[in-house]
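Next, two complexes with chain A in common: one pairs it with chain B, the other with chain C.
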Partner chain A sequence: MLAEKHADRINKIFAKYPDKRSGVMDLLYLAQEEYGWLTEDALREVADLVDIDPTQAHSIAGFYTMFSEKPKGKYWLQVCTDLPCALRGADTFYRELCAYLGVEDGGTTDDGLFTVEQVMCLAACDRAPMMQCNFHFHEHLTIEAAKELIEKLRVQAQPETQEDGGA
Partner chain B sequence: MTKTATIMIDDQTYQVPDGINLVDAAKLHGITIPVFCYHPKMESVGMCRMCLVELGSISVNRDTGEPDLNDDGSPVVRWFPKLQTACTQTVRDGTVVRTSTAQVLEARDNILEFILTSHPLDCPICDKGGECPLQNLTMAYGPGRSNFIYDDKLHLDKHVPLGELIYLDRERCIQCARCTRFCDELVGDDVLAFHERGRSLQIVTISDPPFDTKFSGNTTDICPVGALTTADFRFGARPWELDEVPTICPHCPVGCNLSASTRIDRDFGGKKMIKRIMPRQNELVNEIWTCDKGRFGHHHSRAADRLQHPMMRQGGEWVKIDWATAYHQIASKLKKYADSAGFLAGPTLSNEDLWELRQLAELTGDTPRLGVWPAAMTGAGVVAQVGIGVNTRLQDVGPETAILVIASDLEEEAPIWWLQIKQAADRGAAVVVANARETKLDRVTHTVVHYDYGDAVAVLNSFAARARSRRKTSKALLDNRVDGYDDLAAGLKGTRVPFADAADVLLDAENVIVFAGAEGLTLDQHRELMQAAANLLIITGHVGRQNNGLVPVWPGANVQGALDIGFSPETTASLIDEPPAMWFIGGADPAADDSQAAHVLANAEFVVVGAQFMTATAAQADIILPRQSFAEREGTYTNGMRRVQRFYAAQGPVGDALPDWTIYAQIGARLKGPKPPVSAAAVMRAITQHVPRYAGMGYSSLAHVEAQFPDVGGDDLYYGGTAYANHGGLGVQWATDAEDDSARLVVRPAQIEKPEKSGDLCIVPVRLLYDRGPLFEPSDIMHQRVPEPYLELNSQDAAHLSIADGDRVMVTAGEIQIETAARVNGHAPEGVVLWPRRLAHGPAPALFSACSVQKIEE
Partner chain C sequence: MIHILLRDLEIPDIWQFDTYTANGGYDGLKKAVHDLSPAETIQIVMDSNLRGRGGAGFSTGRKWSFIPKDAETTYVVVNADESEPGTFKDRQLLEKNPHQVIEGAMLAAYAIQAAAVYVYCRGEFWDLAHALEDRIEEARQANLVGDDILGTGWDCDVHVHLGAGAYICGEESALLNSLQGLLGQPRVRPPFPAQMGGGLYYQPTVVNNVETLANVPWIIVNGADAYKKIGTPESPGTKIFCVSGHVAKPGNYEIPLGLTFRELIYDHAGGILNGKRLKAILPSGASGPVLKATDEVLDAPLTYESVAALGSTLGSASFILMDEDTDMVWAAAKMIHFFKDESCGKCTPCREGTYWLDKIYARLLRGEGTAHDLEMLEKVPNQIAGVTLCALGDFAVNPVLATLEHFRDEYEQYIHQPEFGPEPAQAL
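Our next item is the complex of A and B:
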């Protein structure tokens, strides 16, 4: 449970705002970090903490693309394919990335390591093709650079340890 | 008078109230600006773009303040370069709008084409078809064909249950957000929300239970498409087959105006049948809302186990008899027992029934004993003096008004009043909630008083004392019209004021309304509570005016009517203390509510019971009279704000059941009484001649209708719903003494008698909206909302008894013993066990009876 495990962080979050409900986004991030994705139980837990109806937490999680309500891989690759990025080849890059990982648009690799997804503008149009891997930017990408990154991550993930999970 | 603004619509000049919404202003003059997302009961959001118009304002010379003129003398209009959404504009002097230019028509056409890109156009199987704003507006303004490819339509789930009452069709939803805004803004139960965005936007709920609000049905009325439908009505009938019959809700003292949508139906043996219940617009009562109990709680009128024939007990068996025999038997018994008969009227008897019951009773003796059930609340005299001012509109109440709710869990007891008070608080009205425990109304205000059970009267007395010490009394009233003030003042001297802040909230307001219930009060204490409320209102001058006065939260739909016609709860108490040999009971079920009453009835010599069902009381009868439900007969109910309202016969008859007034008059005729009246209208005529407060009423004046604003029920194409239009009457509210300048008002000290609480734990019965009462239980559709029987314990008491939330417990209170679930959620005060009435079958123990609670080990 978040309340027990992260009591200090939760209190710090609440201290930032005049009322509890304003802390909902921070707590959803915390829950996502803890559980990997926002399960319905996690939404209810957060709703309970900030004293709103779980439907509202669900709604917020659904609106923002940086929250995931579906299980996803250990590494979450989000590629911007909006028009400016596409003009710099982001759409081709995305197709090649999917092909390299052997997944459909939005899919997760069989080993559960990578989830790929197209997203709206990440504010790095001039450095496209770019992607976000667990909220870290990788810019000026080529498919070769991406492959290199993926293999590096694969190696990194090899000795599976408990502390390493999530972000 | 409100200020008016001069505006121009389509080159014509109109006068409209200043500052109202442009869509409403146009509608006032019969001009249509079509909308989907806008609704006059909600804040505008400008989401759907359907209301685009050309908007401008008359140019005014800044130096002279005069309008600039063109060469031809017409005023110069400064137009916005692009179309504007009318729903986000309020009118002011000089607003100019064009609603039917080519540009506007093209915009509407385009918006409709856009909205229809993924609408399934399944109107032939859609419940809304025939009263659907999208259908209407598409026919009126839409394109005949689409540029989009039909196969590209997004196909989504069509039967998504948002709980068991409301179904969502995701394809049909046009994302206007009326439903989410209703829940969020108006009710404050934010249990519906949008999920995802763009083309994936959809309505969701994951509250527990899903769509957890008592007002969910209203979202189906305001949905401008067939996306939200009720489980009760979906696929039940087409709107154009339905005959709308005006009726009044029989469940609570609000008296919501309803429409029963009826048709001749094979499911009801080819008789007229209620297919759905819809709110009927009455801006003075329920506006355009009703709660789910009122909407879905009509099934009792057609339940298979309705009593069909008069029956008599012969040798322990029920024997079917005809009406003539029943009348004859009862008449001879009444002759025999004469003034040792007692009469008891239930809360769903109409005024006509009550009047004829009184006539019958008066044939048995000069001073018949007329009791009302439930006998939980009293104060007819106080209401007659200081009841809420005539023509009060709760929806207008704002910052100048303070509302006190005391001894009532209002959402459970009168949901629409709760909703209106919640909205008043949103508009800035000061709400003070005084209860012995936390209730949902506490959420809407910062001024919450939690007193100990038994201290309600003391709280009101302290407010009155504060009024005196702060010199907030009304000198004009006290000098000229009030009797007994010296005694009251003497009695208030030295009263402690523990909740001074709450008192000041009330005392500093221009208007004060008090809603008084009876939770945790005996009948004697309740009399004092009503007097204490009257004292406070009278000495501060908050009587006899609109938006001022007292509203009793009666335990039933027509308790006010019963009191008006001469039935009293004090008599009921005396009937139980000194029981009559013969009981004549109409529409009441005392044996199910009260163990002492059950005991007394079991020992009576002869019992006659008029009932719809074989209730615990009917089971004790010697003769049972099947009474008609509110659905199949006409009559009038008087609501908690003293508004006498008519309901009409909507549904075909069940068995041989008759309206109560007919039964009583027929028995009376066999006791040398007058010839039975021929109609309910004739009974009402007699009432108007003999009950002074009802003088001048009559079925035609009660049926009087005036145009309602906002106009959502007319022939327009865009608010939808064929049921809102009020053709049945707005009712008539009788005036109190306070409104008559020549009438004296009486105050007297209200006594504080704290009842003896026996034992460490004692029972406080509370009322729930969703219970297992005989008129609600037959509505199967609501069963999931009626909680399993439970008792609520304080966490300290629970810890002491090693009981956790959800444990099974055995509760013993006197002779009553039940096994039930325990709830421990912080609502019950220490030492108190809250016992929801009518959740478990069987009577609740008396208030403050000692009880023991034991955990049942698994």
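Our next item is the complex of A and C:
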């Protein structure tokens, strides 16, 4: 449970606001970090913490692109294909990235490691093509650089995957 | 070249508290709390004629003066949602010169005697927002933020709130809802944020853009007259222009308002990528009408009034440049797709209108467009503009109307030559 496991963080969140309801987005981030995605139970937990109805937590979660109510790959690659980036080759980049990973637009690789999505402007248009991998920006990308990153992440993910499997 | 804002270009370490203070940082706040009354602080900003850098260009001093003097609890909210396509200036300010933004926000807070400041950062600025919390802590340790600021008995803390990916949350009333933990949709106005019932927790609130606030310390230290010496009388000061797209040197350029389009694009940003010819300019991201790159436009000064006179808006000054090879129907389709995605769905004309426009563009790009589609493109905007709850509805019709006005022949080509069209890679 979030309340027990992250009591300190939750108190810090509530301390920022005169109304605890303002903490709902921070708590959704926390729940997503804890459970990987916003399951129904996770939404109920967050809703209880800020005294709102679970359906309200659900509509807030659904309103924003950074919350996910479905499982995603371990690495969530959000490629900006908005106009400024597209003028610098982002559409081609995205297509090649999908092809390299063997997925369709919005898809997840079979090993569950990568989910790819197109997103709107991420305020990095001067460094296009670019993408966000979980919470980090990768900028000035070429498809070669992206492939390298993906291979690095694959290696990085390996020991953890084995541990998970053994646990 | 004067950098009032992008001071990291001269002083790379300006993000550090000690470097910032060694270079005059927080002198403005000290001056205000020790020597100026809140009313005098507002007056200086009003006299400077500083205009909001978030898009609307409204007088900052006047906005502050709207806060009722007898209000018990007031707030300052820093709009760091920066989501307009082509805009990336607030990010550089928050990353490279964060203390100046904090100081500007504290000056606004002093002017309206705010109970607290909230910085609403778009969720994708995750790393940046966490670093900003550390910078705020440094200011707190130095007694510039928090309780009994500089021994004056005034308490005001600064908090960072993370959004989670929604363009509409940059619209001030949607932002306030989002900050309150409500759905991030715009509010019916009036009451406006500065009024009782309209702001954060329904208390009078000043909402200002990051860049707007970053100007304030300089103005308080150097005075309104010094500020007005930069730029033009109606558009004083410097402005950060975010230049992207087909440009040789994409990036942020802080220049005095009043230079020409040509100076910005060719002298500062290095001209057009690969020596191509410039075809079209979006001076304020996807929200403002596109301009054809004529000599008249290129020689026009970059001021709020002059860009408005050309039929567009200076807005947040996100310059997206498009070269001679750019397919303008495709470009319009991209922008419409953006607005369809970002419509919050609260009003029917915006929700449905952007949905239909998006469908029509997709059809055009597939080579399946008809003369009827072109008629629809002319009609649908009339049903959206002016009847929606927030300005997104008005923004959404600009890509259609402006490209139809300047580049109608390209639409005709799509309809009469089905084989004409973008590379598959460019299709949405």
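Here are a few things to note about the model shown:
Going forward, the second predicted complex is superposed on the first by the 160 of 167 C-alpha atoms of A that agree within 3 Å, B and C clash if a C-alpha of one lies under 4 Å from a C-alpha of the other, contacts with A are read in each partner's own complex, and residues count from 1 in each chain.
As a working rule, a contact is a pair of C-beta atoms (placed from the backbone, for glycine too) under 8 Å apart; a residue touches a chain by one contact, two chains touch by 3 or more.
Owing to the predicted nature of the structure, the values given are computational and were not obtained by experimental measurement.
When the shared chain is aligned, chain B comes close enough to touch A:54, but chain C does not. Looking at the shared chain after the overlay, A:63 reaches both chain B and chain C. In the superposition on chain A, no contact is made by A:156 with either chain B or chain C.
Of the two partner chains, neither chain B nor chain C is touched by A:142.
Of the two partner chains, chain C is the only one that A:29 touches; chain B does not reach it. In the superposition on chain A, A:91 makes contact with chain C only, while chain B stays out of contact range. In the superposition on chain A, the chain among chain B and chain C reaching more residues of chain A is C.
When the two structures are aligned on the shared chain, A:43 is found in touch with chain B, with no touch to chain C. Residue overlap on chain A between its contacts with chain B in one complex and with chain C in the other: 52, 59, 63.
Considering their complex, residues 40, 43-44, 52-56, 58-59, 62-63 of chain A touch chain B. Within the complex, the chain A residues that touch chain C are 16-19, 21-26, 28-29, 50, 52, 59-60, 63-67, 82-84, 86-88, 91-92, 95, 119-128, 132, 135-137.
Listed in rising order, the residues of chain C touching chain A in the complex are 82-88, 90-91, 122-127, 159, 161-167, 178-184, 201, 242-246, 250-252, 282, 286, 320, 322, 326, 331, 334-335, 338, 341-342, 344, 425-427.
Residue ranges on chain B touching chain A, taken from their complex, read 189-197, 204-208, 212.
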